[in-house]
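Each structure below appears as structure tokens.
Two complexes are shown next, each including chain A; its partner changes from chain B in the first to chain C in the second.
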Partner chain A sequence: MTGTDVQFAICGSAGDGTIAAGDILKRTMAAMGYKVIAFDIYPAEIRGFGKCISRVRVSIEQAYSLKRRSDVFLSLNDAHAIPHVGEVRDFGAVVYDDAPIATIPEGAHISAHIRPAQLPYGASFRQISDKVTGNARARNLVALGYLAGLYGMPRDAFHKTIGRKFATKAASVTQVNVRAFDAGYDAGASVFKLDDVVMAPPPVGADGSRAQMMTGNGATVRGLLDADIDCFFGYPITPATSIMERLATDLPKRGGRMLQTEDEISAIAATIGAGYAGARAATATSGPGLALMTEMMGLGVIAEVPSVTIVSQRGGPSTGLPTKTEQSDLNLAVYGGSGDAQRIVLAPTNVEGCYRCAGIAFELAEKFQTPVIVLIDLYLSNRYETVIPPEVKPFAPKAIPDAAGRSSGPFKRFAFTDDGLSPRAIPGQNGGVHTITGLEHNELGRPADQADNHQRMSRKRHDKLLAATRHPGLTVAKRFGRTGKVDVGILGWGSTFGEILEAMYAAEREGISCSAMKVVMLSPLPVHLIEPFFDDCRIVLVPELNHEGQLAHLVSGTLGRPVVRLDRVTGAPMEVDTILAEIRRLALGPAAGNAA
Partner chain B sequence: MSAGLHYVVIGAGSAGHGAVTTLRARDPAARITLVTMSRLPFYNRFDLPRYFRGTTDWRNLLAVAPQIYDELAITLRRNSRVDEIDGRARTLTFSHKEVVGYDKLLVCTGGGGHLPEVLVEYKSLMHGFATFEDATRVARALPAKGRVILLGGDMIGLDLARTLIDTGHRVTLVAGEFTFWPHRIDAAKRAELLAALSRAGVDVVTGRTPVAIEAAAKPARRVIFEDDSAIAGDVVMPFFGSMPLVDFMLGAGVDMERGILVDPRLKSSNESIWAAGDVCQIWSDELKEYRFLHGWKNVRLMGELAARNMTGAAEEFDVTADFAIGIDASGHVQSDFWEQ
Partner chain C sequence: MNEPLKPVYLDEKLVEIRADGHQDYRSKALPTWCPGCGYFSMAEGFTQSLKRLGREPEDVVVVSGIGCASRFPFFINAYGFHTLHGRTLPVATGVKQANDALTVVAVGGDGDAFAIGGGHIPHAARRNVDITYMVFDNGIYGLTKGQTSPTSVLGFTTPTTPYANGDEPLNPLMMLLAAKASWVGQAYAGNPHHLTDMMAEAIAHRGFSYLHILSPCVTFDKTTRTYKNLGMMVRDLPADHDRRNLMAAMAEATKVDRPALGVFYEEERPTLADVMDGIAERARKGIAAE
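Here is the complex of A and B:
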């Protein structure tokens, strides 16, 4: 990473405008042409004044994850911010309000906790806001302006973002916020800068005009919409709820339907029903919701009905850690349900991947006539990245059911074919009359429990999916870094792959022979790509955010090859340093005794 | 020594830093807080001229690695201004309204630049030289081979003048009663020293009192004298000695004149408060007066001695020794003030 690479962290209480300030910052930076990754943390409590943190990493070269230590830290609420001061790197900046309203006890002010090698910047945000706007509500904008002034960021770029943010409100709202921002900007610009944080302008020619700041959930919605989704059925659950909320607004505008059902079981049932009727239908949930959906998903498998389920993982089991991230639903997504119920599971590793996977999920579901799960997690759902959406929708249009135009004879909806894919029909099509049931059935769909039939149907439903690993236009697994034989290979999935990439590149700079591979398709597993990777690596490390090493088990069980597990369940993304330390340890010699 | 005691030291210059390290060495169990208005960890003010020799990164000016405060378990509170002390309740209140209790307090806030009344209104047209930030601002305003006008010319200013001459700048000294402060010298000695400065390359102006400063195009400043004559330079810097920074001590319940009055053990009239460095006036039994003892070395030694006395010692600071100023073998002005 060369040039600008600055991570800002803003910490405050719910109601302080913490997330709003971070939002304006990241959107402005993206519009200027920087690469941006951002992640907001909200309190778990619905009521009260819980902690909010907005972290925004701004860089010229592409970054893959948030940094462990921020360069600049802004406190809008010292009580919440004090525990995080240590997350600021040496010679980075800690910015705070130095004029609290009332007397405070010893240790309650953040200045008591700033480390000796960090640089303090105090300013009277509350007073400035009060002076220029008549109240203290805009102190978040004052503080944001202070940061912009301190680091010489262009004032106009922020004005534009503020204008857009408040475009739906009265013009006076924008004016007040711009006034507050400008007052903070002037204060920041007049301060003697002592830290070594450098915000160099984006490279000449960097065009942020098409770049959009999207969350993983936002990109997922965009992918669903660009794939021309017809209907969505959902039941709210953190961290997937915003998918439903966005679709509730956007889907009807495109002629689609969004229905909030009474629970997750109804949501998946309606999704499968709509899929059976020929619609492109999807639902979204989290681990607890997926647990409820598994029985219905089995119906989708045996009845070979296309459906798309977005699953954003959070800490579990049960209610678990609803506002913390985790990757512990891999087993549930891949194996969950009764019987042999193999389905396609995609796990994008970044925000753009969410877009691609959500969109192509319909194509896969229709082609392979099966439920498709897109497995993301809270870190990816809520993480912002700069994305340049394609100008042309990149997804295949809805498949035309094969029965169209037929006129006579029994329709073998579940016919055995060479590739396992049977002709499909939707209700009402001439010549497409067939039976559909959750019972094992024959080629016509009629209940049939003969041993040979069940054997053949089970194999059919399994084998037809294998071709999905070679589906054109879909990256099912990809290797990064050094090619050929390497000492340490790092295999990853989902949001953790960003940290894996950063760690791998850092290790490479240290002279360690290493390479990384992301696995996007978790089911069926693209063995033809993963096995050669194992062949090239003396040892393979699998970092993931679950306790049991679920990908490690899946891969080592499928390939019969040992891996070294690196499992963390802290509720937070895995730290680059944690992965890097393990790579260094493995590079020193043969694997220790924790190979799975 | 005394588990649980909270020592607070205000001022993180050489006196304050010397004090906290001494306190920690003598009282491993104590809580120690070092308070400073500076945003930077400890650097020696006498090192600031190095900026003009190329040390422009403040990290290279630090006297110690910042992490030493973590290692010594000393809480360093920077960017923190103390507004008031309550000597009875043994609390201090920061400008950010935080109230902190202490068991023993050492004040070593040093002195701020003194400015004659006639020049106060022109403060914005002059450059101070007390902090790293000041040094940076001077350097930015001063072109290569540019001219600096030193008003007054105390020993801090003359120390800077040596560096500026060495680095190819031109220096004009407007000499007056504060020239060579805090040395007290007679007219003959003064003339001898000024001549030495001239030989060293300083343009010395005598017998003229500055009454105004003007902004100009190039060079950027003009100093106007009472006879309406003027000289021009790129930067004007006042060096009229220093005044103890003790405003926050008003109401603290300690005796003060210009500085905090302390006994030879550096203890004030309040049982829990000590003072060291340029901020204090020390009682001299021999001279029967309170006197300031300036100079880099004195300041450091005072901080260390005060810390020892706060932790049970009963040492007295030598207030009889006066430091000398003269001309060394190579013909340059030399002063004990500059001894580190």
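Here is the complex of A and C:
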């Protein structure tokens, strides 16, 4: 990471406008041509005064994790902010409202908690807001303006974002907010800056005009739409709900259909029904919903019907931690269901990956005639990254099967072929009439339970998927950092890979010989890429957000090689420091054979 | 009804049946049902009604669940999807959402429909998905060898109710009427000509049509719902029954001791596809809600 790399943290109580201030900040930065990653934390309750934190990391190259330490911290509510003020790095800034200090009991004011190496800035946001707008509600804009003034960021870029944010409201709303922002800006610009945070302008030629701030869920929707999805079926569940909400608005505009079903079983059942009838159909859910869907997944596998299921994981088991992140549904996604039910599972590691995986999932589902799961998690679903959507849709159009011109006789829907892929026909097509079933069947699709038939059909369904690991246009696994032999290798998946990269580069700077690999395709596992990585690493560490080491088991079980597990289930993303400490320990520690 | 019976010669009858053309809707697969099963008349009635309505086999999709009745699609020459136990309706809804032009018929037994699949029925009915749902009700689980079902009578003794069934049977017709099914009718496997008429009418109905078909299980129920008992119980709906009157339909549906055959209820209202098209139109015009 070179040049500007500044992380802002804004902390307040629900209702303070914390998330809104962070939103304006990140959108302005992206529009200026910076790369941004942002993640908001808010309470599970709809009402109340829970804690909100909006963290926005602004850099020149796209980062895929938040920094270990924030550079600038803004408190809109000291009671909530005091426990977090320690995350500010030395010579970083802590900004707070200094007006009511006389009325607050000793210790309850944030100024008493700032460490000597942190630089404090007190300003009267409440008072300023009162003065220029007539009430204190716009103090979040005043404080945001103060930050912009303090670091010399361009005023008009913020004005544009504020205008866009309130575009659907009366013009006076924008005016009031701009006035509040400007008053804060003037106050910030007139302060003598003491910290060493530098917001250099974005590099020459950096163009933010096409950049969008997208969440993982937003990018997933965009991917589904760019792949020309026809039908979506869903049932509300945190943290996947925003996918169906967005599609409810956008899908009908292009003639597609979104149906809210009566449960998750119906959602996947209708998705498979629509897939059988030739539509590009998808559903989205979280772990508890996927648990309900597994029986249908098995049907999709044995009846060889294409379907796409987006799964955003949250803390489990059962209802678990609905608003906290976790990576504990890998086993369910890869293995869930009765019998041998191999399917394709993709786990993107960043927001742009969500776009690509969601779009290419249809292509894979149609080509390999199988359910495809795109496995993300709450952290990835809800975090924002800068994405520049491609101008030309990068996904293959729908592969419409064609039974016409076929020789007469019954249609062999499940014919044995060299690559295991049989001819497909969809209802409405003459010459392709056939029946599919969840029973083991012969080439015609009729029930057949003979021993050698079950053996052959099981092999067909398994082997046909292997080619997916070499599918063009899809990164199934990728190595980062140093090439060749290394001391410590870090293998990761999903949202945690951003923190893994950050930790790996930090370890490298400390002189540790290390390298990282992300596994995007979890099923079938791209062994041809993972095995050479194991050959190059003295020891392999697998950090993941679950308690059972699910990827560690999958990889070590498939490869027959030992790994060192690093499992955390705190409900929060894995800390870079935690991974770094483990890399340091292993770099000095015993060989892989003696560990674990 | 009172004409003297004429002798029927098998070879002549076969020529007549083949010439009719409805056998083109039967697949080459031999039915796995027991000899004498009521489901044979359903397969016969279904093929005849498709022939009568002029639907091409490739434009018809038969979706079923799991059970004796759900083996139905294998014996029909049309696109078929033998799905999971109880999931007939959501799969059929998905098929119809993907392609409005298809004739989609969902088929299942009483266990598939009202035990494991009961949660889906009201939603398919209230959405008025333009499909036909035919439930073959023999009041027993046949494929697992004769256990009690949600429509089994009180006191029915089976391997799972050795001390007699104490669960009150469901009233499927009242359930479907309450769930706003836009066409509700009942037929009897022992009255195949009427059954064929009812199937044809149910398939022709625009919207969600529910056809309840009473049938015996000749293998596992020798005491309650035999041809003899059912034949004595069934009656025609009163000649003056008003099929537009929901309360009259409800009243007829309560008379479970004398099940009536015919169309209980019918109404025209927008189908799910109509609703979807309306949504698409408003979305294109940028109207959030009317």
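The rule we apply is simple: the second predicted complex is superposed on the first by the 581 of 596 C-alpha atoms of A that agree within 3 Å, B and C clash if a C-alpha of one lies under 4 Å from a C-alpha of the other, contacts with A are read in each partner's own complex, and residues count from 1 in each chain.
The criterion applied here is as follows: a contact is a pair of C-beta atoms (placed from the backbone, for glycine too) under 8 Å apart; a residue touches a chain by one contact, two chains touch by 3 or more.
Note that this is a predicted model, so its numbers are computed, not measured.
K.L.:
Report for A:Q450: first if it touches chain B alone, second if chain C alone, otherwise both or neither.
P.N.:
neither
K.L.:
Pick one for A:I114: touches chain B only (first), chain C only (second), both, or neither.
P.N.:
Once the two structures are laid over each other on A, A:I114 reaches chain B alone.
K.L.:
Have a look at where A:N135 lands relative to chain B and chain C in the superposition and call it first, second, both or neither.
P.N.:
After superposition on chain A, A:N135 lies in contact with neither partner.
K.L.:
Once chain A of both complexes is superposed, is A:G428 in touch with chain B (first), chain C (second), both, or neither?
P.N.:
The answer is second: A:G428 touches chain C but not chain B.
K.L.:
Once the structures are superposed on A, label A:T261 by its partner contacts, choosing first (chain B), second (chain C), both or neither.
P.N.:
Only chain C is touched by A:T261; chain B is not.
K.L.:
Chain B or chain C: which reaches more residues on chain A?
P.N.:
C
K.L.:
Based on the superposed arrangement, let me know which partner A:L299 touches: chain B (first), chain C (second), both, or neither?
P.N.:
A:L299: touches chain C, not chain B.
K.L.:
Just to be sure I read the superposition right, which of the two partners does A:T417 touch: chain B = first, chain C = second, or both, or neither?
P.N.:
In the superposition, A:T417 contacts neither chain B nor chain C.
K.L.:
Give me the intersection of chain A's contacts with chain B and its contacts with chain C, in residue numbers.
P.N.:
none
K.L.:
Which of the residues in chain C come into contact with chain A in the complex?
P.N.:
Listed in rising order, the residues of chain C that touch chain A are 27-29, 56-63, 66, 73-74, 76-84, 87, 89-99, 101-102, 119-120, 123, 272, 276, 279-280, 282-284.
K.L.:
Touching chain B in the complex: which residues of chain A?
P.N.:
Chain A residues touching chain B: 90-91, 98-100, 102-106, 108-109, 111-112, 114-117, 119-122, 192, 194.
K.L.:
Considering only the defined contacts, which chain A positions touch chain C in the complex?
P.N.:
230-231, 233, 249, 252-253, 255-257, 259, 261-263, 265-267, 269-279, 281, 295-296, 299, 303, 410, 427-439, 446-447
K.L.:
For the complex, give me every residue of chain B touching chain A.
P.N.:
Touching chain A from chain B are residues 39-41, 58-59, 66-70, 75-80, 93-101, 132-133, 136.
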